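What follows is a group of structures, each given as structure tokens.
Each of the next two complexes has chain A plus one more chain, namely chain B in the first and chain C in the second.
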Partner chain A sequence: MAMLHNRRKHVAIAASLVAPFVATFCLVFLWPAIRMVELSFTAGPLIGEGTWVGLANYKRLLTDNLFYTSLKNNGYFVVLTVVPTTALALAIALAINRLSGRLQAAMLALFFLPYILPVSVVTMIWTWMLDFQFGVLQPVLAFFTGKPVPVFKNPYWVMPMIAVVTIWWTNGFNVLLFIAGLRNIPQELYEAAALDGATKRQQFFRVTWPLLWPVTALVLTLQLILQLKIFDQVYLMSGGGPFNSSYVLLLMVYREAFQLNHGGYASAVALILFVIIMVVSVLQFQVLKIGGRR
Partner chain B sequence: MTGVTLRNVRKSFGTVEVIKNVSLEIKKGEFGVFVGPSGCGKSTLLRMIAGLEETTSGSIAIEGEDVTHVEPARRGVAMVFQSYALYPHLNVFENMAFSLRLARASREKTHQMVGEAARILKLEDHLHKKPSQLSGGQRQRVAIGRAIVRQPKVFLFDEPLSNLDAELRVQMRLELARLHRRIGATMIYVTHDQVEAMTLADKIFVLRDGEVQQSGGPIELYDDPDNRFVGGFIGSPAMNFLNGRIVSRRGKTVTIALENADGQTLEARIGQDAVGEGRTVVVGVRPEHLELCEDGVKVGVEMAEDLGGVSYLHTRTTDGTEIVVERRGARDNLNDRTVSLRAAPENVLVFDPEGRRLR
Partner chain C sequence: MSGSRRIENWSLTVITFAGAVLWIFPLYWAFVTSIRSEDRVVSDEAGLLPDEFNLASYIDVVFNTQLLNWYLNSIVTSAIITVLVIVSGMMCAYAISQMRFPGRRLLYGIVLASFMIPSQALVVTQFILMNSLGLINTWAGIILPQLIVPVVIIVYKQFFDAVPKEMREAVVLDGGGEYTLLFKVYLPLNWGITTALSIITFIMAWNQFFWPFLVVTTENMMTIPVGITQVNDAFGVYYARLMSVALLGAMPVAVAYLVFQKRVTEAVMISSGVKG
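Take a look at the complex of A and B:
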């Protein structure tokens, strides 16, 4: 009986400890999420009741050209950022890892610095640097293209440029993850490999790369989720233009919900993005896990 | 034929010299052991032979060939690390085949050589397992197997048994000795455990502060240490040391009054004529060379450790200096009693106050 009593007490204590979190979670996440799903089946405004329209919002999505443009741009942005930023972070981490002492700390700080800046500051810096008339980077662009480029007003330049800014901004965190992963590989493995006759290149491909794979998979997945949610940089630098060439799904959600007050339609787009992120990231992580086991 | 030869080898880290002018030779097929307290430079010396540490000055030769500036892989050495350093993402087979894969050896050759090593080390049933699924002893064998597959001229072992429990350590020690007999290659082994050094070595090098104190066969070092450090380091329980002064000399026999025991005397043999009366010395006697007698150095028994066959009496002289005495087959309890000790003059070693042996 004493055991039973204790166990009940045990459960009660555990429940009381998780209760604040569960309550907050339900209040600010679960309930709004359910309401949003509900909203996506109505023609309602952002606030207030709307009429039930069933799947009408989703049917409308399938014929909305802006939705397809945004979806394509989201995909394009993922291609431009996820793998390049991961590769770049790995390269930088490998280089930093070869340094030691204060120099290493200084270099790491240097690469991490952009990450602590707020997005508005980041976009201000880059808008200024890339300004068509006064931008300090325009001579560099002019050197390659022959003339200055108004990057945020050119449909071919706008997405790659936003990708560059995003990579510059967020890369430090990935470098940090890779450095942590590299430090977890014992030095003796490299010594053993060197004695076994491995060149530096072979040491990388046969020791570093396979042992770092879990970190690489993590970085790739985190990046995929993060970059599918692209909004701030586009909103602040190009506003989705020119000619919708940098229009992305979250921008569409923002416009429909907060500018046009189409709560129902915006919810439908948001829900689609949520499903895409979930499916793609789970799929990717599984594929990467299999890749690592092979 | 020569196996490994070191000439005037030095190693500095910045301004700190950790290896100071070491010259030594290990013959081909010999089992050499570097032994010494931690921080004596023994591991650094081994890593220099492996090529994992640069040699500041001097030369290292393996089988007559100067390898001082040759990269590790081309020295013909294989190393077994204290942490085993197995590749965690590869199974046992691939761990052992790593060097063959790098050398692009044929399928048959790989299977034949790894199979042979696995047979010697009884690892055949574990070839498909990952290192994390193996016990400590098995991991150690895989590490040795990886070395065997490379067919090196010299095997280097860096404290390979220190991560194993006591029982397994004894077992692996025997296996290593058997392995050495079987493949007959030159081996260099680093340890801080003098029992491992005594049982495995053909030749022991006792190191201290980056210098070789003495080298020779295990029994040679045990019976005839060059200095107080070697005498105290080799042998367990350690040699007893007492301060004293030579009070008289008859031929080669000197009588030494012990300062730590109220001037009671012990006799010793010294050949050098220059060592005469009045000289301050340190006397060293091994526990098994002390015996109880009617009339000798009086000590109080503090505690006896009875191990059955052998027992160790922990005694103290009048000024509190500890003396350990080994007894065999004794069944009487001497706790808290006062006993007298003597030792045969030929078993009493004499050192000068700086620790050098007076022979």
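Take a look at the complex of A and C:
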């Protein structure tokens, strides 16, 4: 009897410990997720009741050119950022890892600092640097193209430029992960390889690269998920333009819900984005795990 | 070391240094711009080196925008988010790590899975929820959806799992309960990770743009990242003022990072699972 009483008390205490998290989770994650599915089957406005329309929102999505444009731009942005930032971060991490002591800490701080800035600070600085008339980077662009470029008003330049800004902003995080990975590789392996007469190049491809692969896979996965969710930089620098050339899915969700008052349709787009991110991240994780085992 | 090796080493170091200088150039340029007069900023003579020390634009943005209001909103909401995330995460992790109760494995499974949930995709219905609770344009409205940070639970669980069992027994013999154990034994043993997690949670909350941007519609309730974009709209192309307000907005987190650099680095490495 006493045992049973104790057991109940134990469970009650455990319940009180997990309650704050569980309650918040249900309120701000679970409930909105369920409501999102529900809302995507209605023609509702953002606030207020909507009529049930079944799959009409999804059918409309399949014929909506803006949806395909957004999907394509999301894909393009992923191509422009994920692998380049991973490669760049690895190169920087290798360079920093050679250094030691204060010099290493200082270099790491310089490369990491942009990551802790608010996104609007980043976009304001780069908008100024790329200003068509007075931007400090315009002479550099002019050197390569022959004339200044209004980058955020040019459909060919806008996405690559947003990608450059994004890489500058978030790359420090990846550098840090690679440095942690490099520090985890036992020094003896390099000594043994050097004794066997391995060149620096061989040491990198036979020791560093395979042992670093789990971190590389992690960086690739985190970046892919992060870049699929792009909104802030696009909204702040180009607003999706020009001619929708930087329109992305989350921007579509925002426009439909908060500017056009199409709560139901926006939910359908949001749900598609939700599913894409979940599927892609699970798939990529599996693929990279297999790649790592070989 | 042979001569050619030494030259190679030196040149690599120089290249790294040059790369770092280039990398930080945007921040340098923002600073140089911010201490110039608006006329000088757009004049032809303005070079790459600082040539003026003019604080007029800083004074202007402090007194002629709602910057101080935005600071207050950012500090209050980020601080409350940090405390609530850390305390609720620690409690939940302790129960999962040290206690046996029905649904324990399911709960941890949900925590691990919610790591992958893109919360940005939930904003439409989160906004509807906040509206029906009457929390639009309030601190509570900004705070609530930011309270789910599963990685805090995952990290705490790992650290609590590693605490030796003998530490429990002494307290249990003295008649101490689970709350005593958590706050008198497990928490003090893990102050290091608690500070580290608190600092990055604060920085992440401070930098949050998308949600505060949606849930706040009046200028006096905005947080720093949202508010400073209003200056952009109000001033147009007055770049000295824009750079002043941008740097003032970034300063608290930049200072926090530079002061707690080691802790931030450690927290980022641990919370992404690269170092445990």
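We adopt the following convention: the second predicted complex is superposed on the first by the 284 of 294 C-alpha atoms of A that agree within 3 Å, B and C clash if a C-alpha of one lies under 4 Å from a C-alpha of the other, contacts with A are read in each partner's own complex, and residues count from 1 in each chain.
Note that in this section a residue touches a chain if its C-beta (ideal position, glycine included) is under 8 Å from a C-beta of that chain, and two chains touch if they have at least 3 such contacts.
What you are looking at is a predicted structure, and each value in this text was computed from that prediction instead of being measured.
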Between chain B (first) and chain C (second), which does A:C26 come into contact with in this model arrangement: first, second, both, or neither?
neither
Does chain C touch more residues of chain A than chain B does, or is it the other way round?
C
Go through the superposed model and pick first if A:V83 touches only chain B, second if only chain C, both, or neither.
neither
Looking at A:A180 after the superposition, I want to know if it touches chain B, chain C, both of them or none. Which is it: first, second, both, neither?
second
Contacts of A:G263 with chain B and chain C, given as first, second, both or neither
second
Looking at the overlay, does A:S281 come into contact with chain B only (first), chain C only (second), both, or neither?
second
Which of chain B and chain C A:A15 touches, first, second, both or neither
second
Quick check on the superposed pair: does A:L218 touch chain B, chain C, both, or neither? Answer first, second, both or neither.
second
Would you sort A:A142 into first (chain B), second (chain C), both or neither based on which partner it touches?
neither
Listed in rising order, the residues of chain A that touch chain C in the complex are 10-11, 13-15, 17-18, 20-22, 24-25, 27-29, 31-33, 35-36, 39, 46-47, 92, 95-96, 98-99, 103, 105, 107-114, 116-121, 124-126, 128-129, 131, 133-134, 136, 168, 173, 176-177, 180-181, 183-184, 215, 218, 222, 225, 228-229, 231-232, 236, 250, 253-254, 257-258, 263, 266-267, 270-271, 273-274, 277-278, 281-282
Of chain B, residues touching chain A in the complex:
50-52, 71-73, 77-79, 81, 83, 85, 87-89, 98-99, 102-103, 146, 150
Considering the complex alone, what residue numbers of chain A touch chain B?
186, 188-189, 191-198, 202, 206-207, 210-211
For the complex, which residues does chain C have touching chain A?
9, 12-13, 15-17, 19-21, 23-24, 26-27, 29-30, 33, 41-42, 48, 84, 87-89, 91-92, 94-96, 99-102, 104, 107, 110, 114, 116-129, 131, 144-145, 147-148, 153, 177-179, 182, 203, 206-207, 209-210, 214, 224-226, 228-229, 232, 237, 239, 242-243, 246-247, 249-250, 253-254, 256-258, 261, 264-265, 268-269, 272-275
